[in-house]
Amino acid sequence: MRSRVLGLVALLVLVIAAVNALFVVPSDLNQGDAQRLMYVHVPSAWLAYLSFGVTALAGLGYLWKRDLRLDAVAVSAAEIGVMFTAFAIWAGMMWGQPVWGVFWQWEDPRLTTTALLLALYVGYLLFRRLTDDPHRRAARAAVVGLVSAVDIPIVHFSVEWWRGLHQTATFLSPDTILNPPAPVPFRIALMSMIAAFTLVWAWLMIRRYQLARADMELEERARRSRVAAARHVAIAATPAEEAGR
Amino acid sequence: MPQTTIYSAPPRSPLVPIPGVATHEVARLFGRSAALAGVSLQVERGRMVALLGPNGAGKTTLLRILATSLRPTYGSALVDGIDVAERPELVRRRVAYLSHAAGLYDDLTAAENLRFAAVMLGCSDPADAAASALAAVGLAADADRRVRGLSAGMRRRLALGRLLLARPALLLLDEPYAALDADGIALVDRLIGRWRDDGATVLVASHQAERVTGAADGWARLAGGLLVEVGGAGVSVPAVEPASAPSGTGVPAAGTSR
Amino acid sequence: MRADLAIAWAIARKDALSEVRGRQAVGSTLFFAALVLLLFGFALGPDSRRLAEAAPGLLWLAIVFGGLLTVARLHQLETEDGALDELARYPIERRAIYVGKAVAGGAAMLVLGAVLLPVGAILYGLDLVAAGLALPLTLLLGAIGFAAAGTFYAGVTVRMRAREVMLPLLMLPVVAPLLLAGVKATGAALAGDPFGELAAWLQLLFAFDLVMLVAGAAGYGYLLEE
C-alpha cells in the first residue's frame, strides 16, 4: 500500500521535472534541443551505478547473513540496473547523433564504459538463470556480482585513459553540464530529474523485490511439494518393493 | 517455525550429537526431482552397515551428502556429531569416500596420482605413503603407468589405494565391488576388515544385497529416496515425531511480506 | 600458510604435468591462436602498414581467445573423471586450489604469449628486439591478470549447463581493461613509447592483476559447493 503512495509521488515529481526540463528551461545555445536528452541520460547513468552498487552490497550481505531476502534485493537491483543502463546508452546515442553526427562515439568514455557495464550485468542475470538451488545460486551470484563491482572502477579508469592519456581536448560530455559554469536553470532541471528518477527507481525496487520474494516462495512451495510427492509415491511403492524382494 | 526459515539456511539440527552417523529427514532435489525425500538414519560408531536398494533409490545422494560433496536441500546430517552443512571442513578430515568415478588424472601415473592425493591429505611423507598404498592394492608393478592406460578394475583399485592414505573415522563406499575381479573383491573385503579393526564406521552402498550383508552388522534399505526398512545391529531410525517432517506440510503462506 | 602454499604448488605442478603430457590439447590451442593471427591478416590485409598498426590489438585478441580455451581446459581436466569432487573434498583451503590453478593458468598463458609474439612479429612485420623488455613485462602482467580472472570464471562455470558460452560471456567484459591496457602497452613498447605512457598502462595491468587475484582467491571458495 505504501509503495503505491511512493509510486504516485514519483510519478508526480517525474511529470513536473519532465515538463520543466522539456518546456520551461531554455534550449542549449550550441546543441539545441538535443541537449535535453542529458536530463534522462545522466539520471539513468547514475541509477545504473547505484543499482550495481546495491547488487554488490546485497551480495556481500547474503554471504554474511545467508538470508535469501538479500539475494532478492541483489537480483532486483541488477535487473533494474540493466534497464537503466540500456536507457542511458539509448539516450547517449540519441544525443550523439545530432551533436557528433554518429550514434556511437568511441571517444566518449561514458558510452563505452556503460556498454561494458551492460555486458557485465546481462551476464550476471543470465548466469543466475542457470542454477536451480536457491542458496547455491545466491552465493555464486554474490561473488560474481562482487567481482563485477570491483572491476567497474578499473573499466572506468582504463576507458578514461584510453581516450588519450596525453590529450587535453575536452569533448561535449555530460561533465560540461554539471560544471559550475552551467546556468542555474540547467542545473535545477538536471537535479530535479535526478531526484524524480531516483524516486521512480525506489518504487521499482520495492515492487521488484516483492515480486522476487513471491517468486522465491513459489519456488520453495514447488520444491516442498516435490518432496511430498516423492514421499507419497515411494510409500505407495513400498509393499510391491517388499514383495518383489 | 518462524516465517524467515525459507529464506535462511536450515535451522540447527534437532539431532542429538552421537559418535557415528546421524541424519534427520535429509532430502535433496536435483532441479525438479527429489533424489532423497527425507531420510532419518542412525549408524553407531565402529559399525559396518550396508545401504541397500535398487538404482535410483538415493544411496549415492545420501553418501555424497555425508561426504560433504552435496548440500542437503532439507534436513540435516551429522558425522561424529558435526553438521556436514555447517562445518564441512571438519567433516572432511574424518571422512573418506569411494565414489563411482575414480577421480583420477589420466595423464599422471598411478604413483603420481596417489602422491598428489597424499600431499592434499597432508601426509608427512607423500612418496612413501603412496608407495605403500600402491603395494596394498596390488598395483606396485604398475606404479609408473599412466592412468589413461589402466583398466576399469585397476582404476578402482587405485581409488581404493587413495583411501589408505588417511585414517578416516567414517568410510563411505559406493558400490565398491563394481568392475573388480575375484581378487579385487577379496581385496575390498580385506580392506573393510582392516578399517573395522581400526574402529572406523563403514557404510557400504550396493544394489547386490547378498554381497555385502554377510560381513555387515546391519543394513538399511532405500527405495525412491526414502528409507523403507532397517535391520541388524548398529543401525536404527533416530526417534522423531512424524509431524516434524519437512515434506510439504510446512508450505509457507504466500504473500507473507505484505 | 606455508602448508597452503605447498598445496597450491602441488596443484600447479599436477596441472602443468597434465598439460605437458596431454600435448595435443595444448598444441591445438596454440595452433588455433596462431591461426586467428593469420585470419586477422586476411581480414585486414594486404596493406602491411595497416596490419602493423593494428598488430597490438590483433595479438591481444588472439591471446584472449587462446586464453579462454586454456583456462577452461585447466578446469575441464578436473571434471573428466570426477576429480573436481575429489579435490573439493580434501581437507584443504579453497584459496590454495585457486592459487594453484591460477599459477598453472598463468604459466600456460605465458607459453601462449611466447608463441604468439614471434608469430605475430613475422606475420605483421614487427620489430620485437627494438621493443626491448617492455614487451615481455606486458605479456607477464597480462598473463597473470588473465589467469587470475580466468581461473575464477572457469570455477564459476565448470559445472554449469552451457558453460562453453557462459565462460566467455561472463569473462570478456571483465577482462576488457586488461585487453585495453595490454594493447596500449604493447603498441607503446613497439613504437618506442613516444608519449611516455607505457608506465601508466603497466601500472593499470598491475592493478588489474592485484584486484583479480584478491577477489578471485576470496570468491573461489563459494563456487565449489554443490
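Order as written gives the chain letters A, B and C; numbering starts at 1 within each chain.
Basically, a contact is a pair of C-beta atoms (placed from the backbone, for glycine too) under 8 Å apart; a residue touches a chain by one contact, two chains touch by 3 or more.
Bear in mind the structure is a predicted one, so any value in this text is a computation, not a measurement.
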Chain whose Cα mean lies nearest the overall Cα mean: C
Chain separated most widely from chain C, comparing mean CA positions: B
Cα-centroid distance, chain A relative to chain B, in whole angstrom: 44
Distance between chain centroids, defined by C-alpha means - chain A, chain C (Å): 30
Distance between the centres, which are taken as Cα means, of chain C and chain B, whole angstrom: 37
Chain C residues counted as touching two or more neighbouring chains: 225-226
Chain A: positions in contact with at least two other chains: 136
Interface hub residues of chain B, defined as touching at least two other chains: 71
Chain B residues touching chain A - in the complex, by the definition given at the top: 4, 6-9, 27, 29-34, 37-38, 71, 73-74, 223-226, 228-229, 245-252, 254-258
Chain C residues within the chain B interface of the complex: 3, 6-7, 10, 14, 17-18, 21-22, 77, 80-83, 85-92, 225-226
Residue ranges of chain A in contact with chain B within the complex: 65-69, 132-133, 135-136, 210, 213-214, 216-218, 220-231, 233-235, 237-238, 241-242
Residues of chain A touching chain C in the complex: 63, 116, 119-120, 123-124, 126-127, 130-131, 136, 139-140, 142-144, 146-148, 150-151, 154-155, 157-159, 161-162, 165-166
Residues on chain C engaged by chain A in the complex (per definition of touch): 149, 152, 156, 160-162, 166, 169-170, 172-174, 176-177, 180-181, 184, 195-197, 200-201, 204, 207-208, 211-212, 215-216, 218-219, 222-223, 225-226
